[in-house]
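Same chain, two partners: subunit A is paired with subunit B first, then with subunit C.
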Partner chain A sequence: MSKAIPEPVIRLTEAFARLPGIGPKTAARLTYFLLRAPDEISQSLADALHDLKTETKFCSVCFNITVSDPCEICADAKRDGRVIAVVEEPLDVLAIERTGAYSGKYHVLHGAISPVNNIGPDDLRIRELVERVGQQDVLEVIIATNPGMEGDATAMYIKRELEPKGVKIQRLARGLPVGGDLEYVDSVTLTRALQGRSEF
Partner chain B sequence: MHIEHLSLTNFRNYARLEWTLPKGTTVIHGANAQGKTSLLEAIYYLATSRSPYTTSDRQLIHWRAETDPIPYARLAAEVCTRHRPLDRIDMTLMLDTTNGDGARFKKVVKINGAEKRVMDLVGLVNVVLFLPRDLTLVEGSPSDRRGFMNDTLAQVDQDYLDALSTYDKILPQRNALLRRISDNLAAPHELDYWDSQLVKAGAVLIAGRQRFLRELEADAQKAHHDLTGKRETLTLDYQPSFTPTAGGDGQLSFNTTGLDLHRELSAEQIAPQFAEQLEAEKGEAIKRGVTLSGPHRDELRLHINGRDAGLYGSRGQARTAVMALKLAELSWMKQRIGEWPLLLLDEVIAELDASRRAYLLDRLDGATQTLMTTTELDIFTTSFLERAAVLRIVDGQIAAETP
Partner chain C sequence: MPRPERSFRTDALILKRRDFGEADRLLTLLTPRYGKLDVIAKGARKPTSSKTGHVELYTRADMLLHRGRELDIVVQVEMLKPYLELREDLQRGAYANYAAELMDRFTTRSEEDSTVLFTLLDETLQRLCVDEDPRLAVRYFEVRLLDEVGFRPELHECVVSREAVQAEDQYFSYADGGVVRPEHAIRSTSFVPIPMVTLKVLRHMQRSPYSHVQSLSISRALHDDIERILLGYITFLLEQKLQSVDFIRRIRS
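And then the complex of A and B:
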């Protein structure tokens, strides 16, 4: 960058450019927007950024991101602690919460097994899950990792680790999207849906 | 099947092309670097979403378009098949540079106006492509011969294509895990999932290739007999990279060199043998950090009168064997889809001597649509040229040949 641009502008632009989905042009646009915008916009952004790291932490039980430890879901006595849904990312918790159909608790792995990306079971919160199942009164574990190769590899690994504990292990069903048309469904999904058909 | 109309925008050296294709045989004539091959490449790309000439799809976009804000190339074809009167296939290749960190290549496929996955293209257009490079298939590398089987099978067999794409994703994961185990970053039992998936997909590939070669062999033999005046007999030999273990149930029949093509083998029969092999070589695989056995290492050998043509055959014998194999591929595909596939011959006619050339053209007689490129017209007989449409290409423009 040229010397005509003041150093604080360069610093912020470069900081933005490190974020996913933001290239140098977008980063510059954001920076100049903040330069011209009223002070409270940049102030509230700075506060929010600061609080993001200082006021949040991992829940020591489920490893979701939280302000209070244990997190609200883990602390909620009305929720059934005997059922645990295992998900890859915090956003997956939100997705399941949005359904309103689940009243158990969660366990967030923070990723999935992928040897190519150097992510093994030890890089995930799998050991913590096994300990949790051993210590608490858990009857059922629902493995809700993504239905792809890496999610399946993770699911299989977890199943193997949990089997000696004697809990019921379930995997989310896979199959047809609601409101979908049979003729447009790909054959792999349809095959899975046939295999996983249920009593009606 | 045939293509009625082809439109290209910024594809290779075509800034813009609208071309209504004749049925029957079309000879595309022109000097080098005028765009003959790019026409065939465009059609092959529409059929398979893969270029036979480059592994970098972004090279397909016209270099002049690269200074545009969003460089793109568009390919569109109207295709008629026996089962479907008219399908319109649209492909847009884009280099998205708006996103900063380097240009990102994007490919959008539309079929009859609706956006589809690349996989959905399969089977809509079937092509048999014959390149001069194919003539070295026999002496060439094993991966060329695996490519021959993969390219043909993946066009018509959805299960094979699914297994191939799964296999190609599992293999690097498994190899990475092998290296992690060797570095003490992972435990050997973590291989279980990847092994089970590799075995499942790999067995489908081996069974599919074995069935394919069995169906191909008789046709290849017949063409080869015709070409050699019955003096030589061609046999195909599929050699899996693992030999069966003594603990097998005895149902599998392997001869001393390879897999007996004449026995029907299902993926379910192959899978346990493959699994056993992976288990047996686990130590060595961890040490070397690669998967040592599987369809990615299997071999196809061609034998003439029982002797390996790649090792002992003359150059002429090898070429004859390849021609027989390509003609058998054509018959196989024709039988499989119930009509003639599109035929694309790039410069290959000029590489053949007069008798092989005459035989090839005779065998292609009757095809619904054949496109062949050439720099020389006088390699064809007058009667052949009278029956064909002859077009001339100069710098990305098509014109009828003036006699």
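And then the complex of A and C:
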């Protein structure tokens, strides 16, 4: 980068450029926006960034990201602790919560098994899930990993690990998306939609 | 093969994929005419995208690609072979991982005709779906892949002395890429013992079509031994551990 650009500007531009989906041009644009913007915008951004790391932690029960431990969902006595939905990422918890159709608890794996990307079962929170099912009064585990090769492999591995515990294991249904077009649906999804068809 | 037009249509096997940007997927493809390609499938992570489900790992798809500045872009895609069994059986899926990883490591992005490699991987995925024991399909794949990428092991004559190999237990040298007669083993490096029976099965795999190899009855111990030699040789050639092997061992135990 040119010597004409002050060091703090370079540092922030490079820091932005490390974020996913942000290229060098966008990084420079964000930096110059902050330079010109009122002080409180950059101050609140700096505070938010600082608090993000210092005030959050993993919930010791479900491994979601939380401020308090256990997290609000795990501590909520109104939710059914006998049902656990297993998801890949914290954002998946938000997606299920948005439906308002689920009142059980969660377990966040923080990824999916992907040998090609060097992610094995030990890199995920699978062992903690098995321990949790063994220790708590759990009747049903809903595996809500993504419906792709990695998510399916993770689901099968978890099933294998949990089967000896005698717990009911379910997988989210696979089928047609709302607003989709039958013409464009792949044969795997359509096969599973046919297999999982229900009384109308 | 040079690509003449801005858009081109191809058959493709999906070797690798990773998330990219907001809702896109970056795919590594193996194609018959254009070799290995990195392409981007825009919006493929959204459930309502017309590409969702058609760009799954280890499936075969018919694609219309548009030449991009850095990456080619998937314009239209239709899955041709879903290889469903790989998605429903942990072990079969793990072997498909391994085959795709090997293909990826042994090939470069050179846009040369790869019809033989494409057919080999396509047939292997099919065999991994239907064969009772997926291990044989994977071993045959290894032997054929080594042949095609220029690392065919020499199994008939000693790589040190060039003498014909006698019908007795031999050594196999990873560094010299073939069999070494016991009396010359000392003149070779990185060698391991290879029993005659293992050598015979490997020779059979080198020269015969899969249907003939399938009729062999191979004990578990012999399977383990063939795997030891081939995996050792492949790891030596690639100079690094294969990531998918640990997972296969894990689920086998």
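One rule holds for everything that comes next: the second predicted complex is superposed on the first by the 192 of 200 C-alpha atoms of A that agree within 3 Å, B and C clash if a C-alpha of one lies under 4 Å from a C-alpha of the other, contacts with A are read in each partner's own complex, and residues count from 1 in each chain.
Methods note: a residue touches a chain if its C-beta (ideal position, glycine included) is under 8 Å from a C-beta of that chain, and two chains touch if they have at least 3 such contacts.
Values in this document were obtained by computation on a predicted structure and should not be read as measured data.
**Student:** In the superposed arrangement, does A:Pro38 touch subunit B (first), subunit C (second), both or neither?
**Tutor:** neither
**Student:** Once chain A of both complexes is superposed, is A:Tyr157 in touch with subunit B (first), subunit C (second), both, or neither?
**Tutor:** both
**Student:** For A:Gly120 in the superposed arrangement: first (subunit B), second (subunit C), both or neither?
**Tutor:** Both partners, subunit B and subunit C.
**Student:** Looking at the overlay, does A:Gly100 come into contact with subunit B only (first), subunit C only (second), both, or neither?
**Tutor:** neither
**Student:** Does subunit B (first) or subunit C (second) touch A:Gly179, or do both, or does neither?
**Tutor:** second
**Student:** Should A:Ala17 be classified as contacting the first partner (subunit B), the second (subunit C), both, or neither?
**Tutor:** In the superposition, A:Ala17 contacts subunit B only.
**Student:** So, does A:Lys25 touch the first partner subunit B, the second partner subunit C, both, or neither?
**Tutor:** It touches subunit B, and subunit C stays clear.
**Student:** Let me test your reading of the model: by the given contact rule, A:Val188 touches which partner, first (subunit B), second (subunit C), both or neither?
**Tutor:** both
**Student:** Show me the subunit A residues, by the header's touch rule, that subunit B contacts in one structure and subunit C contacts in the other.
**Tutor:** 21, 113, 115-116, 118, 120-121, 149, 152-153, 156-157, 160, 186-188
**Student:** Any idea which subunit B residues touch subunit A in the complex?
**Tutor:** These residues of subunit B touch subunit A: 98-101, 117, 119-120, 158, 162, 166, 169-170, 172-174, 176-177, 180, 185-186, 189-190, 192-194, 197.
**Student:** Given the complex with subunit B, which residues does subunit A contribute to the contact?
**Tutor:** Listed in rising order, the residues of subunit A that touch subunit B are 17, 21-27, 113-116, 118, 120-121, 149, 152-153, 156-157, 160, 186-188.
**Student:** What does subunit A use to touch subunit C in their complex?
**Tutor:** Of all residues in subunit A, those touching subunit C are 20-21, 113, 115-118, 120-121, 148-150, 152-153, 156-157, 160, 177-181, 184-189, 191.
**Student:** Can you check the complex and tell me which residues of subunit C touch subunit A?
**Tutor:** So the residues of subunit C touching subunit A come out as 16, 18, 21-22, 47-48, 50, 52-54, 56-59, 78-79, 82, 84, 86-90, 93-94, 97-98, 100-101, 104, 243-244, 246-247, 250-251.
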